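Following this line, the structures themselves.
Heads up, the next two complexes both have chain A, just with different partners, chain B and then chain C.
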Partner chain A sequence: MNKTYDVVIVGAGVIGTSCAYHLVKKGFQVALVEKKDLARETSSHCDAVALIPDKMPGIDAAMGYASIQRFKELEKELNYDFEFHQNGSLHLCETDQEMEIATKYANDLIAEGYAIDILNPEELLEKEPFLATDLKGGLFSHECCGVNPYKLCFAFVDAVQGKGLDVYTHTTVTDIRRDADNNVVGVETDNGILKTNKVVNCCGVWAPEIGKMVGIDIPIKPRKGVILISGAGFPICKQKIHEFGYMVSKFDDIQCERDPEVEKYNVAFTIEPSAGNNVLIGSSRNFDGYDVDAEIDIIRVIAKRAVRFFPILKNINCIRSYAGVRPFIEEHLPLITHVKEIPGYYIAAGHEGDGISMAPLTGRLISEMIAGEEPCMDVTPFSFSRYK
Partner chain B sequence: MKQCEMLVIGGGPAGLSAAIEAAEAGVKVVIVDANEKAGGQLFKQIHKFFGSSMHRAGIRGMNIGQELLERCEKLGVDIWLNSLVIGMYKDNVVAIDVKKNLTEHKLEKIQAKKIVIATGASENAVRFPGWTLPGVMGAGAAQTMANFHRVLPGKKVLMIGSGNVGLIVSYQLMQAGAEIVGIVEAQPKINGYAVHASKLTREGIPIYTGYTIVEASGDERVNKAVIAKVNPDWSTEPGTEITLDVDTITIGAGLKPLIGMSYMGNCHLMNDRFLGGWAPCHNYSMETTTKDVYVAGDASGVEEANTAIEEGKVCGIAIAQALGYLEEDKAEQMKKEAWGRLAGLREGAHGAERTAAKERQLLEYKKVMEG
Partner chain C sequence: MKLSETGILTKADLVEMGRYPSEERMKKGPVAVAECVQDIPCNPCETACPFKAIHIGENISNLPKIDVNKCNGCTTCVSACSGLAIFVLDKSYSDSYGKVTFPYEYNHSFKVDDIVKAANRGGKHVCEGKILKITNTQKADRTTVITLEVPIEYVDEVRSIYRDKQHQSSKEEIMSEKLADDVLVCRCEEITAGEIREAIRQGATDITGVKLRTRAGMGLCQGRTCEALVNQIIRQELGNSPADIGFSTPRTPQRPVTFGTLGGDLDE
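Let's turn to the complex of A and B:
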């Protein structure tokens, strides 16, 4: 395998595969190196939505919106069906306080031009008849969409493999080679050396390991999320639904009173329908190293939360559960960046729960940076130099 | 959260035997079983065991089940019925959905020092157009209905598969009053013991060797089955179709180990067609690659009730030893004897393949543990 590439990407999750796709589209010869297999970890142990109302107004929401637009293009560009669907999303408010925050929040987003409806309790029940009847209202976002996350990874690879992309699965990167001036010159693996001047670290929660190889400290921590699957039945919900408390748990600067058990695992209710009428129910956010056990205690809290919003779920079985680790970063902003101190070393990681939705844009930005083009949006907030 | 020394998942021949062996040495045992009665498949085995002259020959499966249950009761083994294990978690915690009555159920958690997976096997499906119609079912399911619940699954039955399960169940359904329209076997010759087959052919039941099912049809439930000759490449020969009036199709196409628990327990699995597919590898004590998690019976590779009993005994002895209830010398001697009986049960033509497969499991365990 001792070959030379323009770019070597480490990590074949949704970020790595998107970078690979976008780089090959720009004419680069690319190697994608993966310790396990395509979409083997976080990208297949998650849910699958691209949302706007869970993003802060400003750059976050702009990225969410840009991602959705990019998904629409990709659906036409890629031959592989990754189950793109755009049927909007609902955010539910449990208390008057939440509704107040949500209304203000929605108005900020509406002012930025996003299509969001503020719903009263009756309108909410019209949209979703099985919802609990005591909710205070909610937000409906027209643009939100969903994809099948692992199929998206396959779609990216399928489009360019053998046409500029070589994929090395079950290959572990052991070191990043640099010359005397710290320039990247190659990637060492347990299966040989790949010569290259550019390496992109797309290892998500494992990005710090690949950072250590060049002596940098990437402050990403694994944050576990558990998801439950219901038995197939009848359509319980029509769209992706989240409790607005999701926002509260995601951004620590809004304080609400919450159930201590819910607080312990940072549980916020989400539900999404599937083609087979199984629903995916989420989710928790807790720090537990790289452990991906779907613990029974977490499952119970999520189920309890789900029944609170959809009482009908009390009578429906949970048939499966799984957990994945999300690449958490303190600032809630990913790293999509060149590392100046190590010329040729790039990072695209730290998207936490937004990796699927931000993957298309991330891949595009990395490809633009490597091609030396002006990035399609301001990348300063994603720069590694923010830690200096 | 409840605590126990040894938790057995599944109260069939393997699980009951593991429990008895350990409880006799003094281990406090809890058995969790999803059904309303423990005993696994034994209580539907109304026929006399034979084939192996080792032991139990001439005894009916249901009587073995009764004997094992009585011994458990005498030894104070705590059997939880209507209790479905829904997951195995960190630190040997097992979550159990306990059915209280028709509508109420409660989630319980037990932390065990040692866990035995004795979940048995599930029936393989054969897929053909119409296979989801009411009236199409596993041969084992039909046997449970007829022999355990005393409900005849249908009046005109077509059996797919001529292994011992297919033959015995056909005979029992016939005894229970059903007409066996035929037995279909894709292979060129009958798969099970000749003694079972001849009991059926004496009754005039046709066994179609070299045939397979093409499709089933019907509105409310199956009422027709089409079978046809199989070519060497497994396609069917046009023009050889036979249409049969049936109201039930039973599928006896073999079993595969139930590995949900082993998978969840991160036990290293290996695929072996002589054991029914994927199963956890284990050591001489039946412990899997996950510490404290043991496996016995069909869950460790599909065989039969007697081997399940002996594997269960090995588990029980090993666990009693590990928990300090049995001295090493005595335990090793007992395990050796059980393995000797297992070797005896695995004699003969089919046995040689199983013996080799079980050896591969032991080897794989060693390989995995030695890294």
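Let's turn to the complex of A and C:
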């Protein structure tokens, strides 16, 4: 396998496969190196929605919106069906206080031009008849969409494999080679050496390991999320739904009173219909290393929250659970960046729960940076130099 | 010994329930008996009978009633019964021998005129029997129907052929058999062998790779039923070792549990 490539990408999750796709589209010869197989970790242990009302107004929401637009294009561009669907999303408010915060927050997003409706309890029940009847209201966002996360990875690879992209699965990167001036010159694997001047670290929660190989400290931590699957054979809900408390579990700076029982695992109710005619129910966020066990304690709290919002679930079976680790980063902003100190070393990681929705844009930005073009949006906030 | 004591149905049980044809009727010629004693919601026998001799009615959990005067023992219902519970009995054949017709859904290599070990309802070898007829029609959807000649005193007992090792295909034969593309491999998600082969062509090399591309193994049984077949197909297509093919990941809960039970104390 001792070949030469323009770019070597490490990690074949949704970020790595998107970078591969966008780089090949710019004419580069690309190698995608993956320790296991395509989409085997975080990208197949998650739910997959591209949302606006879970983003902070400003750059975060702008990226969410841009990603949704890009998914619409990709659906036409890629031949492989990744189950794109755009049917909006709901955010539910349990208390008057939450509704107050949600209204203010929604108005900020509306002021930025996003299509969001503020719903009263009656309007909420019209949209979702199986909801609990004591909710105080909610937000409906028209633009929100969903995809199948691992099929998106397959779609990116399918489009360019053999046409500029070579995929090396079951191949472990052991070192990044540099010359005397610290320039990247190659990627060492357990299967041989790939010569290249550019390497992109797309390893998500494992990005710090690939960072250590060049002596940099990437401050990404694994944050676990648990999801439950129902066995229902009829549609319980029509769209993606979240409790507004989800915002609180994502951003600690939104202040809101929460049930102490759900506080420990940062549990916030989410539900979405799947292609298999069951529903995915989440979610939790807690730090537990790289462990991906769905612990019964977390399952119980999620189930309890689920029945609170959808009482009909009480008699519906849970058939499966799973957990994945998301690449958490303190600032809630990913790293999409060249590392100046090590010319030719790029990072695209740290998207936490937004990896799927931000993958298309991330791939595009990395391809523009490597091609030496002006990036389509300001990338300063994603720069590694923010840690200096 | 009866059903309530051994778990195995007997003629005495059926006679008591009034569900067994009379000696007189069996001596006149072939007649069907539905050895179906559970209120299962199921009625293909009723619609299958060309002589309208089987009645279930509006409530499909009713047990089938066979009108022995309308029934001529044609055996259509034998392959139609998904519970494999209908047989055709004939004591008119000769003074010392009778005929039993039953469904047989195992792989086999039997031929007409073979002398085989006849088995009773409990699967035990009770006497020898001669195969008179083997049918496997398109309409029967691959259910083989076998007619056996047995000593007349065993007509009320014999319901199948003893599963002798020599009459079974070997493990190697079964594992090397290539499933047709239209065979349903994952029953929960309704995924065919052809769809699994397509996933392998797309790059899947193991159980998880097939699962992500097709949903095979994502259903109610979590792959317990289909995993061995998926493994077999991957091995046939790629020659991968079992270690490379791997297993599906066990996920909690092992059996479906309601969200209410998981959430606990919801009424308080």
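The criterion applied here is as follows: the second predicted complex is superposed on the first by the 388 of 388 C-alpha atoms of A that agree within 3 Å, B and C clash if a C-alpha of one lies under 4 Å from a C-alpha of the other, contacts with A are read in each partner's own complex, and residues count from 1 in each chain.
Going forward, a residue touches a chain if its C-beta (ideal position, glycine included) is under 8 Å from a C-beta of that chain, and two chains touch if they have at least 3 such contacts.
Keep in mind that what you see is a predicted model, and the values were worked out from it rather than measured.
Undergrad: Kindly say whether there is room for both chain B and chain C on chain A in the superposition, answering fit or clash.
TA: With chain A aligned, chain B runs into chain C, so clash.
Undergrad: I want to verify the contact counts: of chain B and chain C, which reaches more residues of chain A?
TA: C
Undergrad: Which of the two partners, first being chain B and second being chain C, lies in contact with A:Asp175: first, second, both, or neither?
TA: Neither partner.
Undergrad: Using the superposition on chain A described above, determine whether A:Glu263 touches chain B (first), chain C (second), both, or neither.
TA: Touch partners of A:Glu263: none, neither chain B nor chain C.
Undergrad: May I ask you to decide whether A:Ile296 touches chain B, chain C, both, or neither, giving the answer as first, second, both or neither?
TA: After superposition on chain A, A:Ile296 lies in contact with both partners, chain B and chain C.
Undergrad: Considering only the touch criterion stated at the top, classify A:Tyr322 as touching first (chain B), second (chain C), both, or neither.
TA: second
Undergrad: Taking the superposition on A as described, I'd like to know which of chain B and chain C A:Lys304 touches: first, second, both or neither.
TA: A:Lys304 contacts chain C only, not chain B.
Undergrad: Would you check which partner chain A:Glu100 touches, where first means chain B only, second means chain C only, and both and neither mean what they say?
TA: Once the two structures are laid over each other on A, A:Glu100 reaches no partner at all.
Undergrad: Share the list of chain A residues that count as touching for chain B in one structure and for chain C in the other.
TA: Dual-contact residues (chain A): 294, 296, 299-300, 321.
Undergrad: Which residues, counting only chain A, touch chain C once they are in their complex?
TA: Residue list for chain A touching chain C: 37-40, 44, 150-151, 154, 157-158, 228, 230-231, 275-276, 281, 294, 296, 299-300, 303-307, 313-322.
Undergrad: Quick check on the complex: what are the chain B residues that touch chain A?
TA: Result: residues 86-87, 89-90, 93, 95, 107, 109 of chain B touch chain A.
Undergrad: Mind listing the chain C positions that touch chain A in their complex?
TA: Within the complex, chain C touches chain A at residues 189, 202-203, 205-206, 208-209, 212-213, 215, 218-220, 222, 249, 251-253, 256-260, 262-264, 266.
Undergrad: If you look only at chain A, which of its residues touch chain B in the complex?
TA: Going through chain A, the ones touching chain B are 291, 293-296, 299-300, 321.
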